[in-house]
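Structures given as structure tokens follow.
Common to both upcoming complexes is chain A, partnered first by chain B, then by chain C.
Our next item is the complex of A and B:
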């Protein structure tokens, strides 16, 4: 944790309220996100219990699996989920704009520009917490290798038509969420924790209720209504209550954001309800005539309704909390601007790319990446991570302050500019700029530093520290001498505005603003002997085998 | 009768076997594990020269520009006639200026300019951008344990067969984003190049250099036991071969007492009172700087097998090692205040492969309230504890063993990954237990 993050957390502890960790919003929020609040069954990997899902905060779709171990019912749930999610995705798939993409011409081997479609906007999935992101990935994995009756008439338990397709999309969202700075699939706790520092541990920050309590404690009036004016005075106390407070029946007042449920809920409320449902179902199956069946169908419906109510009671608070989090992010923080837009454009490319692969009838994403794909993904993510860190600092003075405190950047006032030139046949301008700064950057010999000049990085090199004049008061500031290296035009004299002037306030970073491309990796069929050689002819991945238990 | 261990003969046997496999073997790869200071660079230079002299041009892959320049200089020193190519980046000052004085070293940013030379050397990053029509018949990959698997993937197409040399005990390569997704795959891109290479080619001959010429007899057993429990090595020198003496006697202060202890025993622990501190703990930083200052003030002289006369212990023979860059910066500032310049102060990552007479180490866990995987990493401590020829002084706050016991390692176990022994927890305890025998407590 950086020093500034530690300071912010200590301040949050002492004030009892979350402290800002950013002054602008560093993640893109769609105008019409699809919020997904799933619950899972304890002890059953990938067995959903239910979910609230939708784009309308006042009218979520409630989906429930009354008996989570019944795979027919699970398929019915997944099918309903597909009916909500896929139409939402489709609304973004058709609205396209023309764009250009660099491609290698297969005949000449040259890089050429190709006119392609780019979706004008992309869907955005929001889940309550990081565990929700993992669950999306798990659902995707559990569905994308199922076969529908149309794909394989022989399959004993065919999946409903659109379920494998939903699996491919959820897999894509889950995989994209691993790219730093992407916004196709967001965990609300992660986004909130990016922008506010609380006085609790990062693990506790994964509790959405507690996190919101730190950021936006309930107003005093609510606690007065409860007749307890003291208890809700700080976010810290409200957070503790959100985490631990239980009602008379031992149920949490603020249910966990899932997908795992509270054991007290599982044992005391859910298990008996599911048992009643099972009994009603067995009874219905054993009914001997129509009249009896009608009766027992009534019981079954009642039992199912009870489970639906239970699931809704546990997901609705989280649903509301996610929307409250969205309100907070939208109302308190303006979007950071161009860099966020740029990253969202890459999300749109990613979305468009997957849309095209689906349309082209390509097979689902393989179970495991091959060596080249894995290396490419890792390199791309590392590039994105470095880019994200640089862009967040450039977009946000508070983030930059953290980098300055860590010695990775410095800001100050220009005290002197001396014109100088490079040696050689055509001397180019290499002005020497002296900056007075109170920061303590870790400048090594001839270290490169960068500043943003009209959105482009201008490089300078550290020449040395200048001694302060004898009569200057010792205020702990340092005089840093830099030699500006580029972005001054081609002429002998630097272009107007390209060199800092005396009294300018400027900020230099020790980190680069833009990332260079990495090494070109071989094509997968050229995988070298050190990495197992070429993977061989691509065979379509087999469907998941039928197993007694869920093995993924 | 017990056979007397002859370090010189053992090392020669190992080197001969390696060179035989490299020059005359049939396997596509040869892997050499080398403990700290076991003559890895010497081996690389010798293998390169023998291949070149046998008329088999080769490419050499190192990890950093400093390593590349160092290899070029060593090659030129051994054989000034050898045509060597230094492939470099197109940045400003891409290579050591000392290379300009070597008439047979050609430097270029384009691989095409260097074709036909006996040896072409560059970093893995630069090789990754090179395309060749015909692969090299031979390659040497230096510091292969510090190279990431994906980096090898980018260059492996450039050569037919290769000698992989490295130190398995040093810092593992790392990724700045999570890579759990690929844990357990044989080609996990974030694993080390050797891990991937051996997972796919388990039949490759593997060798080990058995003697550390750098570490003194006082240090080799500890470093070997703590960090190389299943591949032990010996020191090339005996207890009487290395001595550290001072012209100025101790003034009785903590720093002087720990200096005397380390001069005598090879290890010294300067223990400050227990306390939770920020990373750049001002007291500990000052203590490190004071120890260095006293080393210089007391007119140290180092006697070793290299020469019969004692060599003065000058600033360039001393290094300070830390875990973090801000700690290194703080130590540099503290040294400057005491008027000390020219002492190397760097993080473990940057000290890899370097050698000094004396090192002063700020313990990675000193003053910390928690023990993260980063601070527990075996390689970090191993690098810091194995840079010295004579003595190593560790500056640390009390309470680290309790901290270790409070934070047993909790990293999830990934299926299919090779479990690395020893884990950082175990290695840290082993080192602390030994250091405790040479403890000097001091309240600054």
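Our next item is the complex of A and C:
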């Protein structure tokens, strides 16, 4: 944590409210996000218990698995989930615009431009917390290798149609979420914690209810209505309530954002309800005639309704909290603009690419990436991380302040501009600019620095420090002399506005604004033996082996 | 005339007094071991664990109950999985040990599974030691010890541990087996959970090494393998799969931490006479007793120690900066309270030549500049809060344009 972030947290402690950690919104928020609040069964690997999902905050779809260990019921759940998620994805898949992409011509080996489709917008999935992102990935893994009866009539326990497809999409969302700055799949706690500093630790910020309590504590009046004037007057107290307060039956007032449930809920409410459901089901199976069966079907429906009510009672508060978080992000912070849009375009490319792979009938994502794919993914993540850090600093003075404190950027006033020219046949302008700054950049000899000029980076070279005049008061500031290197046009005289002028306030960074791609990796067929050699012919991966007592 | 008490029995009596009359000592469970690794410097945790105090009951009595609980679904599933792994005389378990750790040995066609029941932890520990000795002497055979009881000397007092299983190989070496119910998905499991399991197993390895050293008085001491076997469900099924986990590093770290642990005796000596942590005492007395031992709270405690919410409330009330995270301390030099830091940042206190104070002031100035505020208002702006949201949108000017 940087010292500026630490200070913000301490201000939050002292004022009882979260403090800004950003002045603009650094993540793209779709106008029509799909919010997904899943719950899982404790102790099982990815056996869902239920979920609220949808794009309408007032009418979420409630999906419930009354007996999470039952494969049929689980498939029914996944099938319903596919019926909500896939149509949502499809609405974005059809609306395309023309775009160009650089490709290598297989015959000539030259880079050529190819006309391709690019989806005009992309879907956005929002889950409450980072554990939710992991759960999306887990669900994707559990479904994408399943076979439907249509694909393979022999398969035991065939999956309902579209469930494997949902698995491939969720895997893609989960994989994309690992790319820094992407917004296809967002965890609400991560986005909120990026923009506000609370008076608690980053570990405690993982609790959505507590995080929201710091950012937007419930007004005093609501707690007065509850007849409890002491509670929720500050973010700190509201956060504590959200974390720990329980009702008379020992249930948390603010249920965890999941997917894990509170053990007290499991033991006191859910387990008895599931037991009643199981008993009703056994009784129905043992019914001897139609009349008796009708009676017992009534019991079963009642038992199922009870579990549905329980699941809704634990997911609805989180559902509302996610939408509240969206409201806060939209109303309190303006979107950072061009850079966020640029990153979103990368998300659109990623979405379009996966749409095309699905349409082309390619097999699901493999369990393990081959060496070249894995190296490419890692390089892409590193590049995106550097890009994100640079862009956030350029978009947001508060982020830039952190970089200035770290000596990676400096801002100040231009005190002098001296024209100079490069040596050679055609002298080009190389003006010397002196900047007075209070910052302490770590400038090495001939270090390159950059400033943003109309959205493009202009480079300059560090020449040296100038001595302050004798009569100037010593205020700890330094005079930095820079030689401007580019973006001044082709002529002998620099283009207007391309060179800083005296009294301008400018900010230079020591880091580059745009990221270059790394060295090209060999083709998969050329993978060296040190990395496992060529991956060989791709064989479709077998589905997971199934056993009688499998839970998923 | 009473016999002169030895140092050992004196300590044991002292710890029993701390625990309260007629309260049995609680064994050091996995959570306590994790807390040991997460926060070795905490004296409060050290003395409470050392004395075998039930910290969950204590936390409830203090009014800050711990939130640890286990869902019965997880419990049932975990037990069912462990039973499945150990079914049939541990055939599947031994097959996994043979396959993953000791392929050169004879495949385990049948194995000895000695009876380990006895009364009390001391009895079970003795029974386990005996079984280990016998198994080691019978060369050429596999032996499975199901839920043995081991004693480990923690800060001068024995802590009782119960691994899921210990396997004695035909060559007389010993292997710790950890059975966990989190899945191994495509050959890899959640690194955080594997790390916790490895730290736990490392403690068992240390305890076994102490037993081995005692057995080795006459013969060469039996070897305790430093690769333990982690057994987990495979993918989404209930079938066991296993992986050998090298715990040398965790073992070395834990051994060093155990050696450095403030001796419980020394902590006990600093407590006022009559201090007692019995959950039956009134909350005020308990609070005083707990306050008599200093704690080292950090947010990591929340996932490892039952008393964490009590300590957190105390840390927050005193404005300790570590309640915001351990890393926060690194840049703050000698400043330990939130108010101290803020007043130093505002320029109201602190030595400007202190590098930590100077950096703070620079940070405060830069932050205020970026937010379009005056640096002096830091933390004094309750009335300005309402306007902040609107101000942010309009006044923020990126310095780069």
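Methods note: the second predicted complex is superposed on the first by the 546 of 552 C-alpha atoms of A that agree within 3 Å, B and C clash if a C-alpha of one lies under 4 Å from a C-alpha of the other, contacts with A are read in each partner's own complex, and residues count from 1 in each chain.
By our rule, a contact is a pair of C-beta atoms (placed from the backbone, for glycine too) under 8 Å apart; a residue touches a chain by one contact, two chains touch by 3 or more.
All figures in this text were calculated on a predicted structure; none of them were measured in a lab.
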Touched partner set for A:104, first chain B, second chain C, both or neither: neither
Partner chain(s) touched by A:44 [first = chain B, second = chain C, both, neither]: second
Touching partner for A:451 - first (chain B), second (chain C), both, neither: second
Which of chain B and chain C A:282 touches, first, second, both or neither: neither
First, second, both or neither for A:422, with chain B first and chain C second: neither
First (chain B), second (chain C), both or neither touched by A:313: neither
Dominant toucher of chain A (residue count), chain B or chain C: C
Which of chain B and chain C A:202 touches, first, second, both or neither: second
Partner chain(s) touched by A:261 [first = chain B, second = chain C, both, neither]: second
Touching partner for A:374 - first (chain B), second (chain C), both, neither: first
Chain A positions touched by chain B in one structure and by chain C in the second: 3, 368
List of chain A residues in touch with chain C within their complex: 1-4, 6-11, 13-17, 20, 23-24, 41-46, 138, 141-142, 199-204, 236, 244, 261-264, 266-267, 271, 331-334, 367-368, 394-398, 400-402, 404-405, 411, 451-452, 505-507, 509, 544-547, 549-552
In the complex, chain B residues that touch chain A: 28-29, 92-93, 125, 128-129, 149-157, 175-179, 181-182, 185-190, 193, 196-197, 200-201, 278, 325-326, 329
Residue numbers on chain C that touch chain A, as the complex places them: 67, 69-78, 181-183, 185-186, 233, 235-239, 299-300, 302-303, 309, 316, 319, 321, 323-325, 327-328, 331-332, 338-339, 341-342, 345, 359-360, 362-364, 366-367, 369-371, 378-379, 381-382, 385, 388-389, 392-393, 396-401
Touching residues on chain A, where the partner in the complex is chain B: 3, 178, 180, 368-372, 374-375, 377-379, 381-382, 384-386, 406-407, 440, 442, 446, 485, 518-522, 526-533
